[in-house]
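Naming follows writing order (A, B and C), and every chain is counted from residue 1.
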Amino acid sequence: MSPEIVGVIGIVLLLVLFMLKIPVGIALIIVGVLGTSIIRGWDIAFSQLGRTPFDTAASYSLSVIPLFILMGMVLSYTGLGSDLYKAVDSWIGHLRGGLAMATVGTASIFSAISGSLNATTATVSKISLPEMEKFNYKSSLSTACVAAGGTLGILIPPSVILILYGILTREPIGDLLIAGIIPGLIQVLLFIATIAILVRRDPSLAPARTEKVKLIEKIKSLKDVWPFLLLFLISIGGIYLGVFTPTEAAGVGAVSSIVVSIISRKLDWQKLLASFNESVRLTAYIFLILIGATLFGQFITISRIPFKLTTYVGNLDLNAYVILALMLLALFLLGCFVEGLSLIVLTLPIVYPIVTELGFNGVWFGIIMVMAINIGSLTPPIGISVYVIKGAAPHIPIQAIFKGVIPMIFAMVLCIIILIAIPELVTILPDMMNK
Amino acid sequence: NSSGDGSGDSQSSGSEDGKSHNLIISHFLPGQHPIQTQVFEGIGSELESQTDGRITYELYPANALGDAGSHYDMAVTGEADIALSVYGYTPGRFPSVSVLELPFLAESAEHGSKIIWKLYEEFPEIQDEHSDTEPLFLFTAEPAQLISKDYKIESPDDLEGLRVRSPSPLGNQILEELGAAPVSMPMGDVYEALERGTVDAAMVPLETLYNYNFHEIAEYITVGNFSATPFFSVMNKDTFNSMSEEDQELLKSLVGTERSAEAGRVFDIDGQEGRKLAEENGAEFIELTDEQLKPWKDALESVTQSWIDEMEAEGIPGQEIYDRAMEIKEEVRE
Amino acid sequence: MERLVRHLCLGLQYVAQFVLFIMAIMVTLDVLGRWLFKSPIIGTVDIVEVGLIIVIFASLAFTHLKEEHITVDFVVEKFPKRIQSIIEMFINLCITVVMLLISWSLWGNAIRLMESNTVTGDIRLPLHIFAFFAVIGTVLFALVSIIFIFKYGQKVVKKDES
């Protein structure tokens, strides 16, 4: 049996195990180990099984996940997050879907602190989901805008993935990071537009507030927002002034959020303990999936499917744009099963030389690659962002979240099309910087 | 970028001509890195053509099969038939090879690579550290220099109180002796840290100017050959033993001292590329002359001595290894 | 037995919380020390790295005890309750087997790390200690799923009697 066929059978088996309600992380581990042992032998599969969970956990870079989660939990449990949403509601609550739009905005601000997709998604979901629920937003809409907003984490600088892309391709990292800004803003606008269309077609998704709020009330609501603003100022300021690295920003953010909530007298012992308790549980939950995804990814790697698929598309004798489109389609399909970081590592050695040889700009393709990874993080069966949200809001059915993000995926595809049509949107800032 | 016979198994059934093998090669560098495109493709294509395709290989770059720090173990367990990574990612495991990290020893990557391979051939203690694998070639990157965005560093005094990204535990010692504050952070964080001033300088080889794009940031580069990072490429023992004697001979003829030097040269070339890019960007290179190096050498004598003491305490002939390394340093220089 | 496992889970859960707290504090003090006094805390990277191992493996089992690990549940939920309980038994059997295999493989990895003296970079913390700790976490995970096998088993039997 060829490795490719074992790979395909593995993917089918994974879906079957999901249907049988085997926990996602466990199912990924089972298929990863079985597949590897068929292609390379049991002893190899078991060595990998002993090493990968430990290696995945022993990671300084991934420490941003629990630390940002802790920051989000503290903001959520102390009500600082809800103060923010109250203020936003008093100003734009009469707009249908206003809070959902504000969530995308919150996510974009968080993206300027966090360079990680999972960390951004987890933090924003903990702050935003309960608040939108309070205002009777349907969960399909609220989770969709958190999932979409979270993807901004690696598009708007800092970004772990763009730095990795720069190291793997030697494209200028400074250019890559700056290049993400305009596409990030376009993406924000497209998400907001999508929300506007959704609530227009189905007003029950997001009830608008009918009673008027007096101006004085609006202004009063702002006074509760200062701790939140202070926190962002510390985090963003600290990163851009070089006081700490984006990785360290997670730890500093967590401690600052505790300090700020003590100062604003929002924190008691009970709430602090609850924040820690939920943080470590959500961390364990996310890492079981990450460990499974890594083992499964290693299996898919040696099945050679990503290699064969991208090489096949690259060798087609077609128009440059058609090849690009097929390549993105291949990335989309692979993104359904392969987690983002692995996807870049696996496909870039094949895809990047082809794309640049076709005459496309390497920095521009870096941004397109990030968008492809972002879409992959939202698509079933392995949609890490969706799983993270499910972890933060366990009562919402997973299929409802997957269904809810579909319009957001369309918005992301539209953004890719815009960037293909007008590549200058990506390259203008780096070009200006290099002058 | 590779050839697979599709079986993915390193020990397929034997034929009249001998067993066929499909070697899984894993390393932590990017897929376009010359270590893959030149060194490994070089070994692999020779093996393939000289055995009429009986021995094939598959390349897995960029940690696709496992973390950089686990690559040695992956070769021990057979997860990879051949693995390549940096010794320093598993501190404590290979104490003797850290001799290459001592200041002012290696003068280029090729130079350092020749030293490490010769030391390996001569010292059973170093061979013992690799007893669970079959080493193919050992090499070093070019020695680390000091790069900075805002600080022109000419003497150890200029380093006083600066925050400097350190490459290794030994790097920490070197920097502390020089009066700097060593900072540990993963390579992925260094670009932004240098740019925003989170660290004032970084102790890195010149190839990083090219491979990590530091040429975009570096304004001052002090060249003094402070510490070289050693690398290994090793093979799984069972895979090696499963090969016929002729195949083993063939493989051995393709690796060893020549290949070690070639792997080093790859980094030297990247270092020159990095230097060129940085110069084009207007960076100033401060080449420390023998006279200027004097205060640096005085300051760092204690680092070498404490390395020797540490080794001796562990039962490793540190003094002997160091003295021999200093001799080889002269012998292999061209 | 069940009470012991529950207490162990809860105990480890507190360990995880404490370590997460230490990680956050260490990063902050390191940053402050480096920025204000140019004296970073050597070993912060090491502690954060091994800290994450503890946080994860110390809370895996507790998270399963709360039945929080994610599942895709839209087929099984349509089955009759008794079938569901049987499936849950099967699921927890799978988890038990997987976790015991991981524990065994992690043990092998821990032995390798111990025999090779592998330590962390800056302050030379022996890595195998944390690998052995990870084994404790996954064994506990297996024990929790064994408890669930019995729990759902009782549900199946009860339905039989009624």
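Assume a contact is a pair of C-beta atoms (placed from the backbone, for glycine too) under 8 Å apart; a residue touches a chain by one contact, two chains touch by 3 or more.
For each chain, UniProt lists the protein as follows: A = TRAP transporter, DctM subunit; C = TRAP-type C4-dicarboxylate transport system, small permease component.
Owing to the predicted nature of the structure, the values given are computational and were not obtained by experimental measurement.
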item	value
Chain contact topology (line, ring, star, complete or other)	complete
Contact-richer chain pair [A-B vs A-C]	A-C
Chain at the geometric heart of the assembly (C-alpha centres)	A
Geometric centre distance via CA averages, chain B-chain A, whole Å	35
Separation of mean Cα positions, chain C and chain A [Å, integer]	24
For chain A, residues contacting two or more additional chains	47, 51, 60, 243-244
Residues of chain B engaged with two or more neighbouring chains	73, 77, 185-186, 198
Touching two or more other chains - residues of chain C	45, 109
In the complex with chain B, residue positions of chain A that touch it	2-3, 39-41, 43-44, 47-48, 51-52, 55, 60-61, 158, 160, 163-164, 166-170, 172-174, 239-247, 298, 301-302, 304, 342, 345-346, 348-350, 352-353
Interface residues, chain B side, partner chain C - complex	73, 76-77, 88, 90-93, 161-163, 168-169, 172, 181-186, 198
Sites on chain A touched by chain C in the complex	18-26, 29-30, 33, 46-47, 49-51, 53-54, 57-60, 62-63, 66-67, 70, 238, 243-244, 248, 250-252, 254-256, 258, 273, 276-277, 279-281, 283-285, 287-289, 381, 387, 390-391, 394, 397-399
Chain A-touching residues of chain B, taken from the complex the two chains share	1, 4, 6, 8-9, 24, 30-32, 58, 60-67, 69-70, 73-74, 77-79, 185-189, 191-193, 195-198, 210-213, 216-217
Partner chain B, residues of chain C touching it in the complex	34, 38-40, 42, 44-46, 109, 112, 116-122, 124, 126
